[in-house]
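Heads up, there are several structures right after this.
In the two complexes below, chain A is the common chain; its partner is chain B in one and chain C in the other.
Now for the complex of A and B:
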């Protein structure tokens, strides 16, 4: 039981980083529909960075850079060229798959055995990890999970307790009002998406550097979209995202447990991936009041 | 005025092909209230948006407190003490009053407590009772405007620009706004308000700057002018006063629309139509007066078919149409100009041609060989643009880019054409300037002379008296009475509108 929960917290890590990144972007009115591709590029960046340099730190930095570059392209096209976010995101997700597959082949050919890298070690936190049960679940994780712990309060404080957060929230609700108040709408949107991309890349790297130690083009398998859905489900709030993330981290941990024990696959992996969407639809139908940012997905065109 | 707070020198601004401001120079004194008067599309808002940094000018200079400045964004304008309240408010509805006020004016931590204290003090000083923790979207429009003003005060604005500030206010709210403007200016601040309402100008301005077609056509002290002179500056010509129509005896005319005991309850179970009966004859204008929200919108929608009645009947040309669809009624020849042209009248993102055929897209008229007769509709739209003097470059203009008055002309033209037998006008001239009002009134009278049955709903008494052959007054979903035009005085109709039986106090 404890090991399932430990695993749930672990599997929640990338979803949490990704969904909070998405929350920030969407609060400014930008759906980062390229998030699946950003995850994938992050995973790949983490892998080749580590493989080539032998250093996990370099791997993580490469992952962040990859996410950042993807976001840069996405944000430039959607914010400044004002193109349709869903179309651009879909195209970029396909592009990311192609890039990874192509360069993986160019760099490594078709290896007979999968290429392996060492993964992030678990770092038990002194004292805290000695707490019975909870210690093992929460404080014997790798560095990325601890970063995710930090991101929760920090993101909440930035969003609701700082002027930057107010600007971010206003830009997604009423960009004209923000503009009239002296806020540069497109600059806020652009830079928020870049930061979100960097975190998305880091989140993606978890699957290679933090967990599997290898790379396949199907490694993300829709988990970027899960992060995307958790953002909706969590009502565009980091607190909600934490809740949503834990639900799916748990679902995934159970699914892995069932597979590893060779038990009958009562819950196929596809169902786990579909779960956030099913839940989102169910909740929407149940008319829970969602506060969708009013200008989500709408480019801002300033008359001049 | 000894000193000028702001001077604009030779400002010119073009939007693609259209000149919005042509060599405009003006100055605003310290402690002065300036009214910027002009028709819609005269360039009033444009010149102020340039001053506020929302638009960039093509040519010209801005001088503030005697020093030339460059204003490239609202941020620059704010730093020079300029604040502008847009016609459509710039508020973030899901956020609280305080959050809205500090937006863009705080750095680092969001210290709402301190902000609230300062806002509370300002609110008290100017007598604005505003709930600081309420969501702005939950507040009434008049209160939202106070939030906008508080925001300007919070910024320590010395120059306050307001675009059509009274358009959304009740008369009482407008009065309190005027008294705020006076006391604010008395502290040495400057106010510019953009308006097309003559009455407002004469009540609150020190000086009046009149614009027409992007140029300044008048710059006078209020004490040295009068409404007639201002109107001439605005219009460029004396308004043609149409002679009083001959009273007509409607009893000899055939009945077109008959409303019999119409009843409707709203979602809260309150009767919005409470046994309304009247008939409209061919060749008459039937005016429906009343304070807005007393059932006028519902009666219009009941006739046009957009709303189903709970009880009663609508009879048109002898046929019971109570349960007929909107489309069927359009085919029967009923035109309807809805009150909210933004919401119900047009698709703002589409071209004028497309808007023109919005209601008759399925009709044979615009179909050729199974496809839309693009050429036919374009030619027809250009004709309308000519006939109604719509200020647009052509049929392919996007509706959104036209001024309010010109949009209304397009809707009007479409409905006049659609309403072969009857037309309902719900507030046809709301928010329009005198020139457009005049042209629209003439068009409505023209349709009546063609023998159509015309219903005009208006909250403006002058409009009711100008147009109607018969006038009915609505109050709380009931008809207070139906009168011939000559039977009513302004005083009596006012009492009827307030619910006094027979208008005799």
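Now for the complex of A and C:
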């Protein structure tokens, strides 16, 4: 039981980083529909960075850079060229898949054995990890999970207690008013998406550097979209995102547990795999009062 | 989710669209060609060899239409709801639902009923299975106000899980070696229509469907209502259109269209169902619909373009000694799509500037 919960916290990590990044972007009115591609670029960046340099730190930085670059292209086209966000996101996701698959071959050819990297080690935090039960669940994780712990309060404070957060929220709610009060709407949107992309890249790297130690083009398999969904389901609030990620992390941990212990006898494996997606549908249908940022998805064109 | 209408006169709009699209596609292809340099190969040699192979070989040229066929359906699926300002991102799942019906019926009835009757049954069944998945999403939207973008996206993963479950259990091949079905009998195949190629009746069905959807959208009152809801759901509600019903109907037809690709791919091409079957036609459908600005007739041509890109990529991968990975297909398609999207911006700016100029000259005359 404890090991399932430990794993749940672990599998929540990328979803948390990704969904909080999405919360910030969407608060400015920008859906980052390229999130699946950003996750994939992050996973790939983490892998090639680590594999080529032999250093996980370089790998993580490469992941951040890849997420950033993907977001740069996405943000440029959606913010400054004012193109439809869902449409651009679809193109970016296809492009990301192409870049990873193609350049993986350019770099490594067809390897005879699967390429492996060593994964991030678990770092038990002194004293805290000695707490019974909770210590093992929360404080024997890898560095990415600890970064995620820090991101929760910091993101909440930035969004709701600082003038930057106020600017971010007003740009999504009433860009005209924000503009009049001297905020550069498009610059806020653009830079928020870039930061979201960097965190999305870090989130994606979890799957290669923090968990599997190898790369395949199907490695993300819709998890970027789940982070996207968590942002919706969590009411565009970091607190909601935390709750959402734990639910999905738990679903994923149970799924991994059942697959490894032959839980197929109890219920079909496929059902377990589909669980997070079914959960998303059920929650999307059940939830009514959304706290949708008023200008979500709408490009801002300054009247001239 | 804002939607743009192309300004200026319609005729000039079409011509602009055509010119800009072709320009953007050429630029996209040029950038893709540069990517071949990373493999230390000459883009010119690779492209000319591939093009030479495609155009000198009837079979390979025919593959362009074979690959384009299912894309017509998945992009019609996206375009149809897009006209009602709804987002159906779940065409992949609706296609899988169609595949499940197509393969089950073909396995059960193949050889037992006349081919023509079987094809009609599979056609109807694959439409209905996709339509069922689509309608459920439409109901979630209409009745519960659920976000159709999220629900449709997640529905693909659920349908895929159902398909994998069936493939592993009741639909599993008799040898039980791979996770796939037995091949369907020859009597259940969609007949070929061009000798020497794999082009089959499904290609014709796809083109006819696109024309039918064009008629439905632009020449019938249902189509008018769908587009009215797309332009302004509140205003059309006031004028007596039941927009909730339109949500369900639009999703039902959209899902059905994606489901029909199950007929063309199972009975026309693969003749069996396997895991991860045609796993990217859903997302490419979205790209194609965008390329055609959601216009059903335009979709036929942009599907052929994507079919062509697909065949170019595969052909490059098969040129001996050059070692071009087939994954270059995704790269080319991604780059071309991005290039086309950027061209939309340029087209809009040009159109806006032209309008301004016309307004100004009008003022001077007045």
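FYI, the second predicted complex is superposed on the first by the 280 of 304 C-alpha atoms of A that agree within 3 Å, B and C clash if a C-alpha of one lies under 4 Å from a C-alpha of the other, contacts with A are read in each partner's own complex, and residues count from 1 in each chain.
As a working rule, a residue touches a chain if its C-beta (ideal position, glycine included) is under 8 Å from a C-beta of that chain, and two chains touch if they have at least 3 such contacts.
Keep in mind the model is a prediction, meaning the values are calculated, not measured.
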Just chain B (first), just chain C (second), both, or neither: which does A:271 touch? second
Please determine whether it is chain B or chain C that touches the greater number of chain A residues. C
Quick check on the superposed pair: does A:285 touch chain B, chain C, both, or neither? Answer first, second, both or neither. second
Give one of first, second, both or neither to describe whether A:90 is in contact with chain B, with chain C, with both, or with none. second
Name the contact category of A:112: first (chain B only), second (chain C only), both, or neither. neither
Tell me which partner A:82 touches in the superposition: chain B (first), chain C (second), both or neither. second
Complex contact set, residues of chain A against chain B: 160-163, 165-167, 169-170, 173-174, 176-184, 291, 294, 303-304
Counting only contacts in the complex, chain C reaches chain A at residues 1-4, 35, 38-39, 87, 89, 140, 144-147, 149-151, 153-155, 157-158, 160-162, 164-165, 168-169, 280, 283-284, 286-287, 290, 323, 325, 327-335, 337-338, 341-342, 344-345
Please name which positions on chain A make contact with chain C in the complex. 73, 77, 81-88, 90-99, 101-106, 109, 217, 222, 225, 228-229, 232, 268, 270-271, 273-274, 277-278, 280-281, 284-286, 288, 290, 297-299
For the complex, give me every residue of chain B touching chain A. 52, 54-56, 73-75, 78, 84, 86, 89-95, 99-100, 102-110, 151
